[in-house]
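Two complexes, one shared chain (chain A), two partners (chain B, chain C).
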Partner chain A sequence: MVLPYRTEVFRFYAILTGKLQCVKCRRDVPVVVTRVNDAFCQDCFLVYAVHKFRSAIGKSKVIVPKEHVLVAYSGGPASSALLHFLQEGKKEGKLRFTVTVVHIDELALVSVSDKERQEKVQEVVEIVQQRGFPLLLTSLECAMDMVKPEAGESSQAPEMCKEVTSEKEVDALANPDKGDKLKKLLDSLPSISAKEEFIRVLRNQVLLGVARERGFTKVVVGDTATALSVRIMTDMAKGKGSQVSFDTTIGDKRYGDVMVVRPIRDLNMKEVEAYNRLQNVESISIPHIADQWHKSNSIEQLTAHFIHGLQENFPSTVPNIVRTSDKLGHQDIESLPEKCSLCESPLDTDVGEASALRAVEVCERLLQKDGASRSQSQAAQSSDCTQHDRVAADNMKASLCYGCRLTVKGLRDVSLLPTHVVQKSQSRCLSRDEMRAQISEFLLDDENGDTPNS
Partner chain B sequence: MAKRCRVCNGAAQIKRPKTGDIMCKECFYYAFEEEIHHTVLAGKLFTAGETVAIGASGGKDSTVLAHVMTVLNERHNYGLNLILLSVDEGITGYRDDSLETVKINQQEYGLPLKIVSYQELYGWTMDSIVQQIGLKNNCTYCGVFRRQALDRGAMLLKVDKIVTGHNADDIAETVIMNVLRGDIARLRRCTAVTTGTDGALPRCKPFKYTYEKDIVMYAFHKNLTYFSTECIYSPNAYRGFARAYIKDLERIQPSAIIDIIHSGESLCVKKDVRMPVQSTCSRCGYISSNELCKACVMLEGLNKGRPRLGIGKTHKERRLFNEELARQAAEAAATNCDETTTTTTTTTTFTNGKVCCGGKGACGSMGGSGQAPEMCGSNLQSKSESDCVGSVSPSGGGGVAECANSLKKVRIGVPTAKPNLLEF
Partner chain C sequence: MAVPITLEFSGGAELLFANQKKHSIELPGSQKWDVKSLLPWIRDNLLQERPELFMQGDTVRPGILVLVNDADWELMGELEYEIQPNDKIVFISTLHGG
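After this line comes the complex of A and B, so read on.
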């Protein structure tokens, strides 16, 4: 009987009969099979995993010695493994930088009692203290009224995060006002895909906000290769193709002042899980609003389902996708003046005439072709929102990248968005194109748009 | 309560798939046609006086394309001479039916028609190719051959451009497929509205932003006849995965298709990534990024009974092929000839109908893979020649007798009959 090569049964059989050996030492019994059929014994696997982690940081030189970095910890398996790697490195004296951990509490979105929330946060505190790193606690709703501190001024805004020095001092960062604001905003977003994208972007903003407040220039996150491949496909599906190269590179420099580092991007989820199992690394399961979303209404869940399904039959899928994104780059950051007010990535809306964006605009314009309907549709709109709202909405739209425009599409009242987003959209500089559009009938220019010298 | 059209406020009959707007038929036709017109203008697709070949397969895209091109040519005075160009791949039960539809189109729009066939261009039909290669990589053959066939037909007709009916769904699928397969060169090119401007005949896609469902809606209401069945050989194509994903995405968020195209357009390749350089094929003169164009490589493989020459790693296949030829010459007078033929009769195909891995080479110390080709993805070097697994060539005889292996067979074969197994 011919057994399919890659199934667990076959591997078990092969290990038992000694046909499959550890590919490194060829001596010990393999306990883990990664990728297609690379079998490792326990010792060799741990060496392999740790090596991947350390060389990712070492080769790319994204973190310099003696630097203070912020490490994001969500409680899930990947970030738990990340903390363990760091702890081991510290124990062996090989950790050349200092680590502070930050945890973002997202339980405001789920209906749990305050007591339960407290308990979950307590669990996080215990684990991080076990690892021996200082902890900062913050919550997702803190991003609703974040203010970027101006250089030199003392910040009047509320603090983003709290330090936790002893176990007794933990009180949940539940801020009911901000929490309600966030919930109201999420309820106004029409689709679940918009909600999930918004939460993800907001989480990023919180990390950046904490880093900026406390003076960190590096934020380390635990993105595995599998998570990255899902991220790439989701970005493509949501019109965020321009951000794919940023979202997957090991040192993400798009924000300018803070760099996001992804040291476990070479390990896939199975390898991380195996590592956790072998090293007895605990992860916490925290209820999240995304648990109730399903692949029939959430793009991210659908994509994850798709990729995992493909990976079963074509095991090179995840490495292929990540490798493709490695080849992608972006234009010079310095030459891109504007950043999206919501996600802070460079804007990708300055495209030529022959583009998808223009096609969408043409589509909308054609709907108002006949004069008869225009007044009607405008009348319908005006009953819902005032002229002021419309101007605000237009301004907001112009300050967002394509992907974020999609996220807030259908949001009637843009003032519900976080404070810093609204502020940025109001105070943005007009791009040259918009300036030209305003004065175009007065410009006596040639094709290049250069004004002749008078 | 009757719904009112969003644009003209008349009685509405449809909900537009692309945007979800409630519209009446007339406004929908107008919106549909004008969007395509905008794509033509924005992409500067045509200049007046050109002769343009419409790639017509008889399916919905090409039927609607013929119709819309005729309408817009008149309405907006493009000044184009339109010709219908059709390719006959030789797939019985599929292509011969759809060609009838093209002939009807010819009469409806009064356009001249030219049909080129694989048989006359290459000497092979898709049916015979599938008999050689099986159902796994046949789409590669068909695609490569069709591209050349269209170009050659167009050159015969002396046209300036080709237009094809690739719609937004197709382009989105291509983008997703290229990301999944890591094909960075194609990823960069596939979202361009006009491709092939350097050297070869340019081909444009006026339907680039038109949804497939919109096209069906248009054809349905305008009563345009078209042939609509899946190609009988296509179910195993890798594109099917991308298509299923996109269909699911569209259900969640209809704008996802355009979003994917926008993502594809925003992608920017790093400067130091190696890109294929364009030159010409040394055999047939067609454009190619290697010394021999893919069609020549594939044809050679087909004609010499090694159909996998065009699939996978060409240089490896060619090396194996050359070694095998050398060995054949050496063994020409050997008395083992009879036994080798017997070995080849004990070929096995697996219960799922697939043949063995096709000379991809070794499966390592196990001595033969014994599994269907898509699973045998290992890249280990052969330990010894006899471990190598060859493909079964149903065209049989011709001196290219190759053995197929299952785990069982090799164990029997290896100890006694090393010289019998034709080694590559």
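After this line comes the complex of A and C, so read on.
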């Protein structure tokens, strides 16, 4: 059989570099190199990728048959591949559960015209309809106010999302007031790293909010192995080491009522892109505020740059990082009932006196009492921060996990945070105040006038 | 003799090239072109902004997948691959996850 010229060139170089045949079938010409040095032909690669997806769900049994799950779709390559896997599974009759897709519109943070925003959302709608799944639309700013207004018992919490039933009815769930609130809050966060972390946590809150509103118990996300390895290193750098095992496991149970599932965690970004290319899966490029953030001022960008660079020459980097983090465990969720008001992870701040956290807190207090910074903090006290602000800030701090404390550090006015976060921190402290009032006659005062647990 | 080829950019890489995904170009001159010499040519003639997001040193930035005639460039010799007339070279940025 005479092969076309290009395939001849193929074979020539393949022989030269020692990658003559597909490592699986040893017959066809390879088209993609993955894992450490394995060359796959098109058919074998597709079988490999689909197998990774299906066995991740099958072996872990995180989704049971007939369950109705929520799938997060951002338009990016990983979630586009995820939707395609699901569609193919449905076509072959192998999909044992039903799917509803949710898309979070984050364009409030970017200065695009309403028309452009509409167009981007329209693109999303078209693709999801092509895949044959129902779609819910929501926006990032929805999470700024998810609290039921006090008015009456029959009042509803603000709606988190809208169903899209026909192509004509698309209008992004844009809410200018909440959008402005979000922008104001982001502007008040001092560092880019804090902004990116806050957006990530808020996105999670939106997914949980939609799932809870619509009665889903599972949310499926398109986290690839590459994304997870960046997440692991970034979490550790941002003081969220206690959440690494939750952030990377296939079935994330920390929230209790909703489980986050990560079925493509065994595929790296290159494999996902190769799959998309071979299956003609389109992804949408939606402008995002993170596009302007450079690696020189953001922890996550720097980490991603580092890992991508290392992975290029050492393709076992990503699998190694993910495999190592798999070995990290966590305490039983039941034994950690208190959750962070912002990210809902179990609080990691109730540790003994001989812990790193206490050491850090002591250092901070010492710095505040130090002469040079005392005049600064006094100035701050007299000018912007009222007593009320400081009490609110202390209450807020106590209700956050260590990582979230770092995220909102330097935020003068904690009332800018989403309403559910403010509410949770207040109710937590109210109940503590009540308890303290009840046992006040039994409490001993320190000589300095500090009461315990203040 | 000029070498006509097609270039494609996707995965976000097209944003660096005035949002144009497909480019049909002719490589000038009579010398042999390989990927190693193609990259600086792209940077100097087609790239609109932020060269550091496309190239790093004399190769592509880590995270950018290069396909030559729909096959991984690692199978074709990476930078040493000699470009033939009517080749299709695709650059996919894998840096925007999601």
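Some observations on this one:
Assume the second predicted complex is superposed on the first by the 389 of 454 C-alpha atoms of A that agree within 3 Å, B and C clash if a C-alpha of one lies under 4 Å from a C-alpha of the other, contacts with A are read in each partner's own complex, and residues count from 1 in each chain.
Methods note: a contact is a pair of C-beta atoms (placed from the backbone, for glycine too) under 8 Å apart; a residue touches a chain by one contact, two chains touch by 3 or more.
Here the structure is a predicted model, which is why all the values come from computation and not from measurement.
The superposition on chain A brings chain B alongside chain C with room for both. Of the two partner chains placed around the shared chain by superposition, chain B is the only one that A:Ser191 touches, whereas chain C remains out of contact. Across the overlaid complexes, the C-alpha centre of chain A sees chain B and chain C at an angle of 80°, to the nearest 10.
Once chain A of one complex is fitted onto chain A of the other, the partner contacts of A:Ala274 are limited to chain C, with no touch recorded for chain B. In the superposition on chain A, A:Glu92 contacts neither chain B nor chain C.
Applying the stated contact rule after C-alpha superposition, one finds that A:Ser283 touches chain C and leaves chain B untouched. Put chain B and chain C next to each other and count what each touches on chain A; the higher total goes to B. Of the two partner chains placed by the overlay, only chain B lies in contact with A:Thr324; chain C stays clear of it. Touch criterion met: A:Thr226 reaches chain C, while chain B stays clear of it. Contacts of A:Glu441 after superposition: neither chain B nor chain C is touched. Annotation: superposed on chain A, chain B and chain C show a minimal Cα-Cα gap of 15 Å. Touched by chain B in one complex and by chain C in the other are residues 5-6, 19 of chain A. By the touch rule above, chain B contacts chain A in their complex via residues 6-9, 18-19, 21, 30-31, 34-35, 38-39, 42-44, 175-176, 178-182, 184, 187, 193, 208-209, 241, 245, 248-249, 251-253, 255-256, 258-271, 273, 366, 369-371, 374-378, 406-408. Taken in their complex, chain A has these residues touching chain C: 5-6, 9-10, 13-14, 16-17, 19, 29-33, 39, 74-79, 222, 224, 226-227, 269-270, 272-274, 277, 283, 285, 304, 308-309, 311-312. Within the complex formed with chain A, the residues of chain C that make contact are 11-12, 14-15, 62-63, 65, 67, 69-72, 74-77, 81, 84, 87, 90, 92, 94-98. On the side of chain A, the complex with chain B involves touching residues 2, 4-6, 19, 36-37, 191, 193, 232-233, 235-242, 244-245, 295-299, 302-303, 306, 310, 313, 315-317, 320-321, 323-324, 327-331, 348, 351-360, 362-363, 366-370, 372-373, 376-377, 402-403, 406.
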